[in-house]
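Here chain A shows up in two complexes: once beside chain B, once beside chain C.
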Partner chain A sequence: MSKSVLGLYSDPNQAADAMDALKGAGFPLGTFDVLTGTPYPEGAFGEHVPQHRLFRFPAFGAIIGFTLAIFLTAATQIAYPLVTGGKPILSLFAMLVILYEMSMLSAVISTVVGIVIESRLPNVNPGVYDNRITEGLIGVVITTDDDKSDTAIDALNAAGAMEIKQA
Partner chain B sequence: MQQRRTIDQIHTNRVLLNGQLDTPKWWAPTVITLGIIVAIGFFMIGIMVNKGLGVTGLSRPVYWGLFITTFVFWVGISHAGIMISAILRLSQAEWRRPVTRAAELLTVFSLLTALMFPLMHAGRPWRIIYYILPYDFARGIMPNVRSPLIWDPVAISTYLTGSTLFLYIALLPDLGNLRDRTTGWQNALYTILSLGWRGNPRQWKLQTVGGILLSALMLPIFVSVHSIVSWDFAVTPAVEGWHSTIFAPYFVIGAVHSGVSAVVTMMALMRWLWKWEDFIRPEHFDALARLLIVVATGWLAFTFLELIFAVYGLDAPELALRELQIFQWPWNILFITFVITGYIIPVGMWLQKSVRNNIALMFWSSLFVNIGMWLERFLIIVPGLARRTPFVYTWESYRPSGLEWFILFWSLAWVTFLMLLFSRFFPLVPLFEQKESETFSDSIKIGRVKVPAIVREAD
Partner chain C sequence: MASEAIHSGAQTDAHSGTHEEAHHELPARVEPDVITSELVASTDSNSTGVRNWMWILGIVTLVGIGVGFAKLLIEWGDQSEWGYTAAMVAFLFSVFGGAPLVAIAPTLAKANWVRPVARFAALCSLASIVCTIWMIPLILNLPMLVVDGARRRSIWFEGPDVSPHMWALVSMITLITAALGLIYAYALPDFAAMRDHSTGWKQRFGSWMARGWIGTTIQWRTLRLRIGMMGTLYFFTFVFVHFIISTDFAMSLVPGWRDAIFPMYHAISSIQAGLAVTVLGLWAARRYMGMDKYLHLDQFWSIGRLMFAFTLLWGYFFISAFIVYWYGRSGSDKMWIDYLILGPYFWVFILGVLFIWFTPWWWLIWNRVRRSYNGTAIGAGLILFGVFLDRVRLYVAAWAVPEDRIHERFLTEYPSAVFPDVMDLFIMVGALAGCVFVVLAATRVLPILSIWDVQQFNLLYRPVNYMKTKVSLIGKPD
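Right, the complex of A and B next:
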């Protein structure tokens, strides 16, 4: 049975100490995290620097959009062959605008999907949390086995937690 | 950054969420009044759909009038969002923070409004589907992808979808904040919308990187949209005043001019109505005015370039059009008003620091710009069509009907109504950006003075 423990801190230095204390107590990286109401500089709490693959999403999306746009523009011109001024039916220059817009649209949509997926959202079971985190408190949260939760609580308290919550 | 003061996160929440947690007294009467105007406007549109476009002043040869002018005007206003949000985000301009959300919102609602005008103008709006969507397989009739009238809805739909998603992604942390401050059905709503946001380093990193990536993707879309709107006119060889190669950049810079001015109008209103003096400060207006001086001057250069290129060839029809547009009644009065309100008055005002730091004067100067910019579009569209040309067998001048004027007025009420509705449920200033600014702010001692400073994280 696993348990989530949250320590609340008003000072970023204490939160960083709590992260160090958890590392020192032998908890592996990835089992604990820091929660804040505002972005802090990367590594401010000595946390594991998150890796992501967001940049792949727009490239993938743009390729999909471009392919769909080629199909759509070519198919509509062939399906209704309207000769204008003796020009070719498949007019590439006139297709460029739609090719461009659809590629960009698809890139934007896939980027947004990428942001959601890479942020691990939607998070249907957010676990232990405190509303005061969005008021400036900093939460250090750890998910561990029941029998190790006391060690985690001790580590969080040692760093000066103003409150401990468990779920 | 001379005017900032330290604000704690509890105070930031209380002040910037006052629209959602403690609705101001003026909100309900204002929304009801605007709602009545909006309802009357929809009724008028209904009358027009029922009776046909005969209730407007449109007639050959002026078949594009107030509706298309207002369409271009709202597309122009929509350029505020990406100009402010994306460019300032990419350049890490610190003063962007209180402005971005409102600017993005203005983009979404003004685009939505812009889209309604070609629909109305079609007379039978549902028939537009025949030429936009490739669905009529039974008769084999497909959209003409070679037409700018297809490019236009594709570009605007792309911009609208992208802007809406951009707005939503940037809202996620604030939705989490609202979830933490509310109870009951509101809490349930914000819990769903915030997708379980917790604010861990991964989510913040993705928020930052994603914001920059989306900004970079939205910027080329932003440039393309008004370029394509300009091609509605520029690829028409039959109308001398429209057939111009510089229309795309001319329209884009004009859109930025009107859009950023609209942001100034909105920021002044937000500061007055929600009492956000601590967050929307004179320094923000000062920065926007400096930006606007550059944009307005660039736009004026394009205006005159367009004119010079037109008359340089001494082509008789072109000269006749320009004479009509600039010297003949009533266009001459409109032309003078356009130049004075679009450039001379506002830029003359912005050149003075006392004006740039005076919210009321900035508000009025930004309104002048948009009066001028609306007139600019009107002067491009209507005289271009109204000039007497050979072989035209019917001849009518264009006088917009009362219904058209009301629908123009309705569109202003409609955008304001949507903004106020949004403000009841979502914050207009990004709280997390504001708090981040506090986290990164400090003061440094230089000689004998202490100067407020912003620390920036290395990329």
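Right, the complex of A and C next:
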């Protein structure tokens, strides 16, 4: 059975010490994290920075939109082959506006979807949390087995936690 | 922190006299819990007397919509009667649509001063919803591509008959989607703060919108990325919508008006207007919403400099277009000058140039003006009035051209000046009120300044002594 333990700190240096203490106690990177109400510079607490794939969503969406737009504009022009101004039936400049707009529309929509997915939202089981984090307190949270939770609590307390919460 | 910037900011001990006048006070640091409690409390309608204003604006908006509906029934199909509505929609879209770029560009450039500004600038994009609603009567009155059996000149060479109508709507919906995405990207941590510290429906709404946000490392990391992505997408869509609006709702309605620079001119003046409305919004937030603790001279000074730069750019873009017509001297070139500059809207043009360019130029050129709250606000007011006159000159003139002359090579007889009637005035005031109402209503749900942005401003900023003066030490995280 796993357990979430949260240590609360008013001083960022203490939170950084708590992260070091958890590492020192043998907890693997990725099992503990820092919770803040404002973004601190990455790595300020020595935390593990996970990778993301957010950039793939707008790229994928734009390719889908662009492909659909090519099909739409080319198919309509071939289906109704009207020569305009002596230009070729498949004129790129006549297609550009629609290619651009459909690429953008698809990229925007897929980015919004990507935002939701890559933010790990909705987070239906956020675990242990404290409302004071959005008031400036810093939380160090670890999810570990029941039998190791005392070790985690000791490490968090050693760094000067003002409060420990468990869930 | 990878790098640090040192900004000179305050008086020296030895030269306190002149330097105290020349430099501004450094912002005081505010504790994070104070920031959270004060900004969450600012969303309370009773705390700032905003409720009365919202009632007034709401009623004016509804009256405007009612009059617009009546006008649609009475003056259906009479294109020339919709010039002022088109001008107002173009003006409002230019003003409120351009504001988010004030947040996007400096944020992407990692400027620290923009942090307290970004939320209000992003919220302005909500007015695109009002603009889209007011575009409906314009779309219904916009001539079809095929008029009297012949295709009129437009950017839609082979498109269906309703291409300008359809793509105008699609582009606006794309912009609204990007705007909502941008606002949400910025606001997610603040929804969590509302969940944690608000009460009643705002707490429930914040909880639902926060989607379990707790401020983990990956959540903050993706926040920065999605702000960047949504900002970029908003910018690209913004430019495209200006292209569509300016060509389909102005240029293609006037036979012989062919101007490759006009869409860019339209977008540039929109950014100028967006900067201006941001300054006015911040000025009002300081004065009437108690935000003076978080909005400092640095924000006004920085936006003032951008406003000055874009004021000069307006002159550059205008003369770039004008010089082609001036030297071109073909029939259509002379028509452009005679109808849109020297014609029935000559005095609107003169006043527009005075307010959009000449007066702000010679007002904002002074350092002392740009370094003052009221000075930049006055400059912003001048610019907004100038942009309004500019849009009236262009759009009223364009919509005044009768549909039966749309196939002429270029106009040879110019329609006389169209003045606004009572219904136009109601519609214009109602549309403006609608935009302000939407932005004000949004500040009842989210604080007008972003909580996490203001906290980060304080986190990365320190007033320090440097030799015999005081300076701002700003950490840049990436």
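Basically, the second predicted complex is superposed on the first by the 147 of 167 C-alpha atoms of A that agree within 3 Å, B and C clash if a C-alpha of one lies under 4 Å from a C-alpha of the other, contacts with A are read in each partner's own complex, and residues count from 1 in each chain.
Following the convention adopted for this analysis, a residue touches a chain if its C-beta (ideal position, glycine included) is under 8 Å from a C-beta of that chain, and two chains touch if they have at least 3 such contacts.
These numbers were taken from a predicted model, which means no experiment stands behind them.
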Exercise for the section: With the two complexes overlaid on their shared chain, look at chain A and say whether chain B and chain C clash or fit. Expected result: clash
Exercise for the section: Could you say whether A:75 touches chain B, chain C, both of them, or neither, answering first, second, both or neither? Expected result: first
Problem - Which of chain B and chain C A:133 touches, first, second, both or neither - result: both
Practice task
Check whether A:20 is in contact with chain B, with chain C, with both or with neither, and answer first, second, both or neither.
Solution key: neither
Practice task
Figure out whether A:85 sits in contact with chain B (first) or chain C (second), or with both, or with neither.
Solution key: second
Problem - Partner chain in contact with A:58 - chain B first, chain C second, else both or neither - result: both
Practice task
Name the contact category of A:40: first (chain B only), second (chain C only), both, or neither.
Solution key: both
Completion exercise
chain B and chain C footprints on chain A meet at residues 33-42, 47-50, 52, 54-55, 58, 76-77, 80, 82, 84, 91, 94, 97-98, 100-101, 104-105, 107-109, 111-112, 114-116, 118-126, 129, 131, 133-136
Exercise for the section: Spell out the residues on chain B that touch chain A in their complex, using ranges where they run on. Expected result: 8-10, 13, 134, 140-146, 150-151, 154-155, 157-158, 161-162, 165-166, 168-169, 172-173, 176-177, 180-181, 195-210, 213-214, 217-218, 220-221, 224, 228, 432, 435-436, 438-439, 457
Fill in the blank from the handout: Per the touch rule above, chain A residues touching chain B in the complex are 33-42, 45, 47-50, 52, 54-55, 58, 72-73, 75-77, 79-80, 82, 84, 91, 94-95, 97-98, 100-102, 104-105, 107-109, 111-112, 114-116, 118-126, 129, 131, 133-136
Exercise for the section: State the interface residues of chain C toward chain A in the complex, per the touch definition above. Expected result: 1-2, 31-33, 36-37, 155, 157-158, 167, 170-171, 174, 177-178, 181, 184-185, 188-189, 192-193, 196-197, 211-226, 229-230, 233, 236-237, 240, 451-452, 455-456, 459, 475, 477-478
Practice task
Enumerate the contact residues on chain A facing chain C in the complex.
Solution key: 33-42, 47-50, 52, 54-55, 58, 76-77, 80, 82, 84-85, 87, 91, 94, 97-98, 100-101, 104-105, 107-109, 111-112, 114-116, 118-127, 129, 131-136, 139
